[in-house]
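The block underneath contains the structure these notes are about, expressed in structure tokens.
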Amino acid sequence: MELTTILFYLFSLITLGAAAFMVFSKNIVHSAFALMFALIGVAALYVLLYADFLAATQLLVYVGGILILILFGVMLTSLGYTFNFKTVTVNLAPASLLSATAAVLLIFAFVTTDWKISEIAEPTDTVYDLGMLLMGDYILPFIVAGVLLLIAIIGAILMSTHLSAENREGV
Amino acid sequence: MELLLAQSVIEPGLTHFLVVSAILFSLGVMAVLSRRNTIMVLMGVELILNSANINFIAFSRFTELSLDGQMIALFVIIIAAAEAAVALAIVLNVYNRFKTINLDDISLLKG
Amino acid sequence: MVEHTLYSIGQYLPEIVITATLCIIIVADLFIKKESNTTGWILIAGMLIAGYFTILQSGRAESVFYDMVAVDPFAVFFKSVLVLAGLFIVLFSMNSLELESYKSRIGEYYMLIAGMMLGMMMMVGSTNLLLMFLALEVTSICSYVLVGFTKRSIRSSESSIKYIIYGAVSSGVMLYGISLLIGVTAATDIYAINEAINAGIDQTLILNLAVLMIIVGFGFKIAVVPFHFWAPDVYEGAPVTIAALLAVASKIAAFGMMVRFFSVTFIDSAGFTSAGVWSAIDGIHWDVLLGGMAALAMIVGNLTALMQDNIKRMLAYSSIAHAGYILMGLVILTSEGLTAILIYLFIYLFMNLGAFYVAMLFMNKAGTESIEEYKGLGFRAPLAAIALTIFLVSLTGIPPTGGLIAKLYIFGAAVSAGWIWLVVIAGITTVISLFYYIRVVRNMFFYKPEDNTPQLTFDLMSKVILIALLVPTLLLGIYFAPLLEFARNSISMIGF
Amino acid sequence: MFTQLPLIILLLPLLAFILLIFFGKRLPRQGDWLATGLMTLTLFLSLILLVVKLGTQPAETISSSFNWAIVGSQVIGFGIMIDNLAAVMLVVVTLVSTLVHYFSMGYMKDDTRYSRYFAYLGLFSFSMLGIVLTNNILLMYVFWELVGVSSYLLIGHWYEKKTASNAANKAFIVNRIGDFGMFVGIMILFLSYSTFAFEAIFESISAGQLPFGSEGWLTAAGILIFCGAIGKSAQFPLHVWLPDAMEGPTPVSALIHAATMVAAGVYLVARVFPMLTADALLVIAYIGAITALIAATIAITQFDIKKVLAYSTISQLGYMIMALGVGAYTAGFMHLVTHAAFKAGLFLGAGSVIYGMHAALHKLHNHHTDAQDIRNMGGLKSKMPLTYWTFLIFTLAISGIPLTSGFLSKDEILAGTLAFSTLNGHWLLPLTGFLVAGLTAFYMFRLLILTFHGKPANDQVYSGVSESPKVMTIPLIILAGLSLFFFYSFNPFGATSGWFYGAIERPESMVPLILQPAAYPVFYEAVSSVHTLAMILSIIIAGGGVVFALAVYHWKKVSADALAKRAGLLYTGSVNKWYFDEFYDAAFVNGTHGLMKMLRWFDENIIDGIVNGSALITKVLSRISGWIDNNVVDGLVNGTATTANKAGGLLSHVQTGKVQTYLVYVIFSFLVLFVLFL
Amino acid sequence: MEFQILGIGILTWIVFIPIVGMFVVLLLPDKNRNAIRWTAAIATGIQVTLAGVIFTVFDRAKLGINDAESFQFIEKYSWITVEAVPWVGRIEINYFLGIDGLSVLMIILTAIISFIGVISSWNIEKMVKGYFALYLLLVTGMMGVFVALDFFLFFIFWEVMLLPMYFLIGLWGGPRREYAAIKFFLYTFVGGILMLLTMLALYFSVAYTDPVTGQSVHTFNILHMMNPANYVEGGLLSGVDTTWRYVAWMALFINFAIKIPLFPFHTWLPDAHVEAPTPISVILAGILLKLGTYGLLRVNFPIFPDGTIYFMYFMAILGMISIIYGAFCAMAQDDFKKLIAYSSISHMGIVVLGIAALNTQGMVGGVLQMFNHGIITAVLFLAVGVLYDRTHKRGLYDFGGIANQMPRYTGLAMIGMFAALGLPGLNGFVSELFSFLGAFEAYKWITIISVTGIIITAGYILWTIQRVFLGNTPEKMGRLEDLTPREMLMFVPLIVLIVFLGVYPAPAIELMNSSLGYLVEFVTNGGN
């Protein structure tokens, strides 16, 4: 058994276990931290897939950015009136049925499919290649992604600021 | 069959990663469908996006897709960040108006 | 490489102009007085310039940005239609009483519309799955915010949260589908995907799964049954201008993208020239699937619309039904079908915008969205009421209005392709649609207003906008040859 | 002259009609002089025509026609045909009409719609003349219906009375039923021969062309056309309208319902005689016989003076029809002519009596006594001598007493039936004939005696009665004269030698040989061999009837009540007109009413219901109408509105407003679609 | 082409004069009611004049039907033409007007009834401007249907009538007007959709070869659709006696049957008639119903001769049921207007029976009956309207003794009623006669049963006369004024026509004789 194999199973287990914990946990803060573990697990899986740059990005953006954002969200919306990190579930029966079915179907599809495999060799430096692609073939998506982030930031500010405060300013 | 199974246990190939992503996807769906808390739902969405990303990167390793897959995954992460920012801002806004972020209770519009 | 990038920029002027406008608005918003409409005018100017550049692109057929973007008649058609829709939406917005109390943020509002325009124009031109998804997300994120723009309205907030959750999940599923499609074909470019498919794909199960998941995303965007549930709630909660934008522009863009995706990706490139009919590859019957969805959309949309009292909600269901009619054209996937889609969308633009506009005017002046409370409006505001009547009649498809021509072509294409059962359902549901449209008309005209209610007066600009929407709606019902020509020439996509 | 003169004769009454309808009220004396004058002129012209026709071209049939319309390649011509039959009939019609005009000037003097009345008389005369003059069965049908409508208008002249308008309706509708048959007959003829003209049709038949290639259709066509006659001539089973039609003014009854219009049926049969097959004729004969018998048995027990006359008319018409049916063509037609004179006289006489009674009752302000009931009369002989004597002559004529015209024609008919039975063995026909002859004599004398003899029923009234004015009595006298034998034949015991028999001859049958009735020579031989026997029998039977009537009502040797009691059911049946009206009411009128109510219900609930009910439309319509009108109570609509709301609720239920529920639907749909496409 | 006014063909004039009138009406101030009325009167008056010109000039010998050469007053301009793109033929929609013996009578009828309708609308006081604008639009639609030879144009005119009619019933009608209006709208719209689909199927199955360019051109030209040679190989409706052709025939038939209205598609009619204001009832019964039978003759018969022959009996039986059923239902009504509405069903059944016979007599009778019924029923509805104006009642039991109070009115109305009853000497008889004659040749028993309808008709008409005109005046009715000169003006022309055509129908028959004869020949030969 090679190391990569062991690592794969390990990280897969971590990822899926954390994700499952996140989904089923009653406490939202616990869920958020479980999500962190899941995301880290995914990053590790990226490494196994030779995507080291992506793994780094995953850690930076997701764990460093999005997760913090989510935690902020949790805090902001759970503070103020009551401290309540507990959350409840709805649609439990249909949701579990549907997601279980989805899982079964997807796994069935993946397992039965005869994939055309053409494995690539372990690349030396994905960062360079990715950078070249980004400035070349993917220049347009790159720029657009920038615009998207700009819009998202302005939109987020727009949505999160209090209007009532402005009203007081007499606008 | 047994041999195939044994082999696949031993060597993690494309299918292994896909299966992981499938389970992750389903868990995301589960969260989206079943959690009352809006933020939980958003976390579920993140799981879905991550599962797709696993696919992209797995394909980039195991098929002729090569780096394109990683590229797409990169953009997906950016998109996820933007979406999360906006979504959380909206959640805050809703929280200000409804004093709750339980999706179940946000249902004035119907019929 | 750099040369190509530079050249591509030259071919991408409309989008670039919009992006520039977006930036200018952000900057201008910092300096100008908050109460003015200046940012709106800037956007209009930007869109006009973009429209101008779009027209300059007509007749061209090339691929730019490393085969990610097509500049072809198809894209030009959609871009011009989108610009037209955008112009009207901005004009509506300037008139909207609803937005009046958000004047301090109107700059952001127009900025977001600009962003949405950018996203939509990219949607219709992209030939790369990544760019398509990115464009879709740009559009969506802008629209999520716009739907919640009127923050004081609790309904607006609710609709924005519903919209973003629904949208995020849908696009997540779609993304998963895209990942599978890319994985199975090892290509991101739709032409390359097409090649791979034509070369023979063994993994049809995955292909099915992938396309189905992608359809979830498209279905969400065009609001077609069974992916339509967000539409009524969101339309009702959103500001009416944004509801119009979603019902018209965003739907048009999504159709543009969807048509391009399906007709390029699943074309049988061998059979295409000889048979004269585009046919999807063997063993996969997306046409039946889409046909079923179209039928469902027509049935559910029209039936549920019967029950509605809120005019925006009614128009939401009506637009779900219309999505069904338009989808018929895609189901057929012949050149006639595609022509019919373009014709339909073009006419749909005017009549649906018109209906939304009058609804907005009535909301401004009479303060109601309830169809029940439209009673007597025909006497209080004859011009607007007559205009609304014409728009609704057009939506029903009664001559001499453009709506008939739209239906005529879509039905005709379906008949010629032998989709009789679909056409029959379309016919029956058209009859059903008569009821809810005519109910509005009846309420307006068949009841006398109460004695002391004042006449509603509209300013000149409202009237001009109204006429600008009315004239094409009527004219296209009588003389539609140019449109026909335009649409016919516009179905050619790059590579075909 | 034979093209213009008939046209003028035809159009003069129409002119009168048009002038009176538009200007009647503004003319002096409301234009009665105009109508009467024009009618008199018509009479003279008709007489001239008759004389000239008989004098110059007795054997010719003169016809002229023009193209009325061209449909496809078929030319439909209309025209005029003058043969002896038409010429004689023309005089009969114009004569009776003229006399009725004169009589009406007195009788209708104070009527509120005096000019309208004369206008309608003009319309009637026009239509009747049209029937007589046409050469074409379609045109005949046209005038046939016009006669019907003018009769409708005249019966309903006093339309304020419900009974009058009812009677008018009844007359029209019952006639329509007959006309329906005639119409079908006409269609058969036209489709077989592509023409409506009598002569052309006969020619084609004689050339061996059968309708739709079948002999049965020829018989059917004949019988169907005869249906028209059944209606118009009040034959069994459509005779019920005629007694009711007596609601019209009495002169109208004389004109239309005794002398001319009802005779149109007979004229029709005479016209189409050449195309009638033996079978058809047999049917005709039996219908006539049945009619004659039924009507006579009813007439015996009636007390309304006009009703008695009405039933007697039906009976006599049955006679004529029977005569034609058995082949006694000339006799039948002659009876038409003689009957026209004496029956018109009888009606006018009755009119005179009613007029007198009315005037007397009016003076006494007595409005509850029926002026037409013979039980309220009696002994009027001395008060109205002119009326009485003329009435007597008419009664003798109708009873078939020698020296009258009625004797001549009736005798020939009876001989004809007898001859027919000797040839074919249909002995029921002569039996009926003789029986009816006796009954006729009986009830006519009963009428005469009860009206004019005996003691007055009410002295007060009696004293008020006086003779009618000259304008009314002179027509009576003229008609009485015409009821004597010498106008028709100088031999009081045989008409065959008279001018009438010379002028009117039975036409040759055109139908194929195997379908023909007995040939004329054969028949004629049979007639002459039984003629004397028939004559003797008829005199005896008629005399017997008269004597019996005298015995019962004049000499009171036999009690009428006792007779009635002994007759039992027969009497009750007769008094109640054999329950025809009741039967028709129950079977047809109520049937129609029931059917129409049922269909209306069906239409409003089932057809409309199906339309409304086809699930969606119901829902929509009901909702919409619910919105539309909350005040109108509409059970159907309201009932479905609630179910519609339920259905609407079901659909809206999907739209819960909960975004996660929507997502459940989405994922579910996705999975379902996937499984479907797997 | 020879008849042009200001360079525009006479048919265009006669169709679009009311639209011109409509715009004038819209421009006139609301207050100036008389000017609005006069505008409408002048517009329709011009139509009558033009119809008169057409009547005079019309060449009776020309056949028409499927031969473009022998149509008259042809106007043909290209309307929509899109040149060929590689894999689809050229498409073509034409502005193609023309008349033949089939349509000329209908044009005259439309002109006359529209004009009378304006006169009868004179006392409309509510929203005069809107009323006349819609009225004139309606007139254009009706006239257009009768002259259009391009299916698309035909369809447009057909559907254009919907909305004005909806408003005219819905805004100016009686108490249940909205229900009636929506019902009318619904029914007709259903038919319209069926026609639309069939039209499209035809369009794609028919392509003629352009003699100039040799291109294969898909076309909406009705005349081209009649030519079996123009059906493309493998088209949905190509071939003879195929299922799809029968389906298409049936779809069109249902559309037209709704308009006629034929049992069991008739239930919109009583409601619409009862609720509509008098002039609209007149238009509805006088012209609109004829569109249905006209459509059958113009479209169904020549384009689908195979279907027509196949469904002959079916049509005849429906005609028969309509005759009897309509008559019985009419008899059961207490409402004067409803009674006339049902009588229309009965009388239109005669038209269908006549044309279903597929022979010249039946055809001539049917078309003549269309004209005659238009005139007669107009008189009857006007008659009801006159009474309604005075008493605001329509129940048959509300009246009585009108004859004494309004003698002139009674006279005129009774002529109308007798014409409806089929009295010889009045026009109704002539057309019924030919219809039945034709039908009898084809269907013996069906016709015999149908003819019994005339007995029932006599029954309900006489009953109505008795209840309304005869008897004594009920006390609550009060004194009624006899016809005013304006009312006389609307009655007299129609009555004159009734009598004249009853006595001498040749002028009307000769207009259509040759065309209809040819139509029969054409259909019975299976379109060759």
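For clarity, chains are labelled A, B, C, D and E in written order, and residue numbers in each chain start from 1.
By our rule, a residue touches a chain if its C-beta (ideal position, glycine included) is under 8 Å from a C-beta of that chain, and two chains touch if they have at least 3 such contacts.
Predicted model only: the values in this text are computed from it and were never measured.
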**Asked** Between chain B and chain C, which partner chains are common?
**Response** A, D
**Request:** Name the two chains that are joined by the greatest number of C-beta pairs in contact.
**Result:** A-B
**Asked** So which chain ends up in the middle if you average the CA atoms?
**Response** E
**Message:** Taking the mean of the CA coordinates per chain, how far is chain A from chain E in Å?
**Reply:** 70
**Item:** Computed distance of Cα centres, chain E from chain B, in Å
**Value:** 66
**Prompt:** chain D to chain E: how many Å between their CA centres?
**Reply:** 38
**Asked** Taking each chain's centre as its mean C-alpha position, how far apart are chain C and chain E in Å?
**Response** 42
**Prompt:** If you look at chain A, which of its residues touch at least two other chains?
**Reply:** 90-91, 94-95, 98-99, 102, 105-106, 110, 113, 115-116, 138, 141, 145, 148, 151-152, 155, 158-159
**Request:** Please list all residues of chain E that touch 2 or more other chains.
**Result:** 178, 182, 186
**Request:** Scan chain B for residues touching two or more other chains and write them down.
**Result:** 25, 28-29, 32-34, 38, 41-42, 53, 58, 63-64, 68, 71, 75, 79, 82-83, 86, 90-91, 93, 103-104, 106-111
**Complete:** Which chains touch? The pairs are A-B, A-C, A-D, B-C, B-D, C-D, C-E, D-E
**Item:** Residue ranges of chain D in contact with chain B within the complex
**Value:** 652, 655-660, 663-664, 667
**List of chain A residues in touch with chain B within their complex** = 1-2, 4-5, 8-9, 12, 15-16, 19-20, 22-23, 28, 31-32, 35, 38-39, 42, 45-46, 48-51, 53-54, 57-58, 61-62, 65-66, 69-70, 72-74, 76-77, 81, 87-92, 94-96, 98-100, 102-103, 106-107, 110-111, 113, 115-120, 126, 129-130, 133-134, 138, 141, 145, 148-149, 151-153, 155-160, 162
**Message:** For a test of understanding, state which residues of chain E touch chain D in their complex under the given definition.
**Reply:** 175-176, 178-179, 182-183, 186, 263-264, 266-267, 325, 328-329, 331-333, 359-361, 364-365, 401, 403-404, 411, 418, 423-425, 429-430, 433-434, 436-437, 440-441, 447-448, 451-452, 454-456, 458-459, 462-463, 466, 469-472, 504-506, 509-510, 513, 516-517, 520
**Message:** So in the complex, the part of chain C that touches chain E is made up of which residues?
**Reply:** 276, 335-336, 393, 398-400, 404, 407-408, 411-412, 415-416, 418, 423-424, 427-428, 430-431, 434-435, 438, 442, 445-446, 479-481, 484-485, 488-489
**Asked** For the complex, which residues does chain B have touching chain C?
**Response** 25, 28, 32, 38, 41-42, 45, 48-49, 51-53, 55-56, 58-59, 63-65, 68-69, 71-72, 75-76, 79, 82-83, 86-87, 90-91, 93-94, 97-98, 103, 106-111
